[in-house]
Amino acid sequence: MEIRTKAGGDAGAGPAASAATTHAGGKATSADDRVSTRPLVSVILSRPEIGSLIGAVALFVLFLVVAPTLRSGASLFTVLYSSSTIGIMAVSVALLMIGGEFDLSAGVAVTTASLTASTFAFQLHLNVWVGVLAALVVALAVGLFNGWLFVRTGLPSFIITLGSFFMLTGLNLGVTKVVSGGVSSPTITDMAGFDSAKAFFNYTLPVGNGLRVPILFWLVLVVVATWILLRTRVGNWIFASGGDPVAARAVGVPVRKTKIGLFMGVGFTAWLLGMHNLFAYSNVQSGNGVGNELYYIIAAVVGGCLMTGGYGSAIGAAIGALIYGVVTNGIVYAGWQADWNKLFLGAMLVIATVVNLVVKNQAAKR
Amino acid sequence: MEIRTKAGGDAGAGPAASAATTHAGGKATSADDRVSTRPLVSVILSRPEIGSLIGAVALFVLFLVVAPTLRSGASLFTVLYSSSTIGIMAVSVALLMIGGEFDLSAGVAVTTASLTASTFAFQLHLNVWVGVLAALVVALAVGLFNGWLFVRTGLPSFIITLGSFFMLTGLNLGVTKVVSGGVSSPTITDMAGFDSAKAFFNYTLPVGNGLRVPILFWLVLVVVATWILLRTRVGNWIFASGGDPVAARAVGVPVRKTKIGLFMGVGFTAWLLGMHNLFAYSNVQSGNGVGNELYYIIAAVVGGCLMTGGYGSAIGAAIGALIYGVVTNGIVYAGWQADWNKLFLGAMLVIATVVNLVVKNQAAKR
Amino acid sequence: ADNSDDSSGGGQAASTPKYKITLVTHAAAGDTFWDIVRKGAEAAAKKDNIELQYVNNDNASQQATLIQNAVDAKVDGIAVTMPNASALTSAISNAEAAKIPVIGLNAGYNDWKQQKLIGYFGQDEAIAGKAGGARLAEEGAKKVLCVIQAQGQSQLEDRCKAITEGLGSAGSVENIYVNGTDSAATQSTITAKLQQDSSIDHVVTLGAPIALIAVDSLKEAGSKAKLATFDTNGELVAAIKDGSVAWAIDQQPYLQGYEAIDSLWLYLTNANTIGGGEAVLTGPAFIDSSNIDAVSEYAKAGTR
Amino acid sequence: MNTLTPNTEILSLKDVGKRYGNVHALRGVSLSVRQGEITCVLGDNGAGKSTLIKIIAGLHTHTDGVLTVNGEEVSFSSPRESLDRGIATVYQDLALVPLMSIWRNFFLGQELLTGWGPFARLDVKRMIQITGEELTKMGISVPDLDRPVGALSGGQRQCIAIARAIYFGAKVLILDEPTAALGVKQSGVVLKYVAKARDAGLGVIFITHNPHHAYLVGNHFVILNRGNVSLDSSRADISLDRLTNEMAGGAELEALSHELSAVTAATNATSN
Amino acid sequence: MNTLTPNTEILSLKDVGKRYGNVHALRGVSLSVRQGEITCVLGDNGAGKSTLIKIIAGLHTHTDGVLTVNGEEVSFSSPRESLDRGIATVYQDLALVPLMSIWRNFFLGQELLTGWGPFARLDVKRMIQITGEELTKMGISVPDLDRPVGALSGGQRQCIAIARAIYFGAKVLILDEPTAALGVKQSGVVLKYVAKARDAGLGVIFITHNPHHAYLVGNHFVILNRGNVSLDSSRADISLDRLTNEMAGGAELEALSHELSAVTAATNATSN
């Protein structure tokens, strides 16, 4: 036993050695003089959503200047409402992205939910609420299917959900066509339960010019998702499943179940938004929703979620959705030429993420 | 010196030790009896594109059975042509994906190229070929811009190119509107050089029912890309930049230049396809191309490219494009209800990738 | 801009106060049809000293938001297309509650009265489609291919449905979907369909650019089918002239845009309404070889 | 401190084999782990040590043979199953999530909760406190437990993985080259912990390249050679020197040592 | 074998410092590397060793002080610049691309070409052959050079990284804990290689936790402690024992050793 023998010979050798020992041992955790405490501002700046918040504020100020209309309360509610229709989905899409996966079927799933509710209630002459429940089951089933197929095959979720994107698009159209003979959902405004369902899913609070209920749904979802992410076991698992699924699995995190759950979460918000769309607009075109999945992803990414998973926040995604709402409506309020609005949208997107980045780098430097 | 001292004492110790030495030392590279040589079939099966090839063949056979029309030579050329318009872009998109990045602006960049060529030649009353060159410069510049912004900011390419996707969409529309007063490109059929350019970019070889030249472009691109990937230094760098950019940079691979080059490669193929579209259809709608980027990505992924980079092949992407062509046209040839075609497309996509996966797993097991 | 000469509007701009009017359409970006609508609207705006904002979105709920935006901006009038009127109901009633006059154009023939608009300029898709179908029957059509360039849009489906009705028992109609934003894909799909079913004797497209691509498909598939289309643009008029497209159903988009804005102006300045409580039909009219010369000059200018 | 129960066998492998495609990484390996004993697995690079422990940890499923835990035949299909039977593992290629904070990594998969029912939430304060204590005990200095693990040095990360496994180890503790990236002091601490775990009645599998470390704590030694067990001996039957030599290449190193010292001497002569 | 030129200084650091955000990982480090000499850098976990070599390798840029190569002041902004000055590095967290084959990894960034002009292509045959030879020389057995690196064991991967650096090392060779994951035999081979590189006139920086390995080959010893140089001595001025003790915690390990052996003895007595 080499080390032992030697040790016997040299125990308590030079003063240097013992100095080093005291230095490194004991309550070293607090003793490292190389680390300056991070100033509060830098702790705040290192949150995922801060960059986008600053981007959002900057854009908002810009549009307040160039678009006087935006300064009215009514316009603010319009912007909030418009943001909420992206934001509701962005919350669950962000959670899924933190968990390392994509859902390209999220946009059409919203339409699937609307169509299911109206078609089901209409065809079977049931109370509208039964249709609403059927839609919930179907929306969750879509999420379950995506998650199950993902877990079973191990294929990238991009390709799995691209497949279900196409399939749902086809089903939305084909089933509606077969059942109702046209491409839009049957009118259910005169059916039992419609008014109460409408009152719930499209309620307008008598605040100012009218605060529409999706804004509240959105807020609640953000709070719940933030709570889940930061203060529950499942939140920990989501971060781990996205950050390093192999490592997470190795320490016993139920990675597969977590991911399936996240896909179903997207299904749930798709249902919520789908119900709002149905009751707010009375009927639904079966071709709707295509392409919206990209906006949800944009909101999440602009809000600081990493595309590769393992990092991000629900609040960030909400801010991303808000940026989207401010920009798309701001361009209209500013009266800019409609031909260019995609150009502005693209430029804003890049600017917001670059601001985000600069802020983060600043935070890291402190 | 512990080890030395000990060594002196024990040199040539037990027979076990020396046996082990001979066993492990020397020309061990060939001596490991744990490894059975892989049968040729399994070596072949482990290529990235094989799974998709089998998927393609299976789908092709399926459609040959259900769609008699497909058995005619003319239909085959239609399928090939249709595949080539996706395939030309899929080659460069696959290379970019192997290099670890995405380009969501690839679809609209094609339209940008067409619009640039026609608008430039028309407005300045120049020979059409000058417009063609201008379009090449612009297309490469778009790639350079994407690559430069990516490298400078370090933001995910998804978000960078999403920004340029929106910006190009806006520019296509806005500039065309400003310059030509409408939303489609000016007619250049009567301008100098049009006929020769058309003869080049929309040549039809007198083979069978007419073999259109994009099919040849596509073939050449696949061969060149395969050569680059497998037999050049740059190919090595592409795999490394996608597989592990940090490691690649650490061993001196010019990761940034490689990636900028890949973005410019997408620009180049966008130009090529854009010129074909311009001369084949004489004028171009400024809203065209939106959404096609997804098909390019699908082709690459179905062809075995990893979304996370570092793995894939140009041939695979070509097969992916072929699958797309076979399925989209096959559904029509089979005379299936048009309402359901997206459903079929989605199902085929999932089936093709699952077959791909099964084949790969089989290969790994041998 | 007030005094600039305008070839189509003609004369001096009006000296009435500068009203702000928003035109909200369901156009997909980059469709030539809407170019013409917009040109008409702009001509009227110029003439009437109106500040016109044009906005568009092909998603109904987004369109509702655009209307809401206009209400928020307290514009003086809104012109709107209503392919899916029930989705726009609440936004339109918000406008009316804010005392903003709303006028309909292009789409919404069946709904504009219910929505309490001050007027409507457009064609009845059913009438147009039926007329087209009847003409096909007259030409002896047995098998008609109806090409839809975007899936799941009612107004497009309605056209094909109306054609079926107009054609009656004379023949059958089959729908096909193409990716309208990709010329090559559109061409291949139509080609494939023609190769698959050689009994197709007529092809109807629902937009001028698609018709121009279908010309190539017919050529490539070696099909003898005749080609007809809804709507026109400059190139399409040329194609009718050279015979590659037989006829087009014209609803005079320029007129729709022009009249919508102009009658809002009349309403704002003089409380006039047009149509006597009924819709003002701008179509359908057929453009074919017999009357093509009359429109080709204007088509070049981009107003037909 | 000796709370030893009689040395009952907790875990045993019989003729276990594992194939990765055409590579037969393990063949006919038999091994047993007893309560209160440390079984050291030694062997050349690529001998199959990590593969062996990945099977026990549930990360891979064995393709041949029988794995028995507490007398019950098992075939783990996920690490969870292994963990649930009280087997805690420190992986060679770590199992930490780089973007997550140190304390979240420490408790990953075994989070502490406070509150009850739907209001149960992470007990962040306690988790941070315990993480800090455990790391301090290991003698590494990590000032900010909220920092992401990715920003730590290789050795610091290794220490977190070890501290976690020891903290949660219930019946069997598996360590795959835990001391490889560690400094002299930290290695010492880890060895001490391993010995403590054994004394608390755990069965320990300790993989290392260092015969000195192995001999310092091991009760039982297994040498793997190209996927086969080439030596299986209890401490009483083998000396450190013999062990060193049994490891492939032991003899070679001796020769090298001579050679090197000669060179070094020469160099020193020239350079000084 | 001794082709030593006079010990000219190839590389030197003066008061070099590096901050990562609020962590000041290195402070005022001075060091010099001479031709034909091996400078060993030792130190506790997290002492800043890897940070130091990442600066020299061009992976990070230093925030304070002066780095001089061949008498010229430099500040590398990419590893390429460092490589171009003949500095080859083996990173602790490796630098291999898991999905690429072994031979492609070996030659990554320094590919061999055949043919000329536009027809220049990879000389696959020669690259495979050389890779095979170099790995065989290191005594590791990798049967199929076309396999992806990701499927190799930790030690096998380490060997590839080392073999590559040694093969391409031109003037300065930097090794960050190269032997940590290696078996006894492979460690010996690596040490021999390091000595050979030195004898061929290269300057070598050798980072290790193992004072035995360090003393076996080193000419010069630098101990880092919390980002500061706490010892800088040439071989002539220090003994192995002293070196071991200077490393933080050396003394602690000795004490531990005693303790452990006592425990082990007790255990053995109980269990046998």
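Note that the chains take the letters A, B, C, D and E in the order they are written out, and that residue 1 is the start of every chain.
To be clear about the criterion, a contact is a pair of C-beta atoms (placed from the backbone, for glycine too) under 8 Å apart; a residue touches a chain by one contact, two chains touch by 3 or more.
If you want to know which protein each chain is, UniProt gives these names: A, B = Xylose transport system permease protein XylH; D, E = ATP-binding cassette domain-containing protein.
Note that the coordinates shown come from a computational prediction; the quantities given were computed from them, not determined experimentally.
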{"item": "Pair exhibiting more inter-chain C-beta contacts, A-D or A-C", "value": "A-D"}
{"item": "Reference subunit E; chain at largest CA-centroid distance", "value": "C"}
{"item": "Inter-chain centre distance, subunit B versus subunit D - centres from mean C-alpha coordinates, in Å", "value": "44"}
{"item": "Distance from the mean Cα position of subunit C to that of subunit B, given in whole angstrom", "value": "38"}
{"item": "Rounded Å distance, subunit A centre to subunit B centre (Cα mean)", "value": "30"}
{"item": "Separation of subunit C from subunit E, taking each centre as the mean of its C-alpha atoms, in whole Å", "value": "73"}
{"item": "Touching two or more other chains - residues of subunit A", "value": "1-4, 6, 21, 24-25, 32, 35, 38, 169, 173, 306, 342"}
{"item": "Multi-partner residues of subunit E (at least 2 other chains)", "value": "23, 44, 139-141, 185, 216, 244, 247-250, 252-253, 257, 260-261"}
{"item": "Sequence positions of subunit C contacting 2 or more other chains", "value": "29, 151"}
{"item": "Contacting residues of subunit A [partner subunit B, same complex]", "value": "2, 6, 149, 153-156, 158-160, 162-171, 173-174, 177-178, 291, 294, 297-298, 301-302, 306-308, 337, 339-347, 349-350, 353-354, 357"}
{"item": "Subunit E-touching residues of subunit D, taken from the complex the two chains share", "value": "2, 4, 7, 20, 23, 36-37, 43-47, 50, 92-93, 139-141, 151-156, 158-159, 177, 180-189, 191-192, 195, 198-199, 209, 211, 216-217, 219, 234-236, 244, 247-250, 252-253, 256-257, 259-261, 263-264, 266-268, 270-272"}
{"item": "Residue ranges of subunit A in contact with subunit C within the complex", "value": "69, 72, 74-75, 78, 81-82, 85, 169, 172-173, 182-184, 187, 277, 280-283, 285-288, 290, 329, 332-333, 335, 338, 342"}
{"item": "For the subunit C and subunit A complex, residues of the former touching the latter", "value": "29, 53-56, 59-61, 64-66, 68-69, 71-74, 84, 86-87, 89-90, 150-154, 157"}
{"item": "Subunit C residues touching subunit B - in the complex, by the definition given at the top", "value": "28-32, 34-35, 151, 174-177, 179, 181-185, 187-189, 191-193, 195-197, 209, 212-213, 216, 220-222, 233-235, 302"}
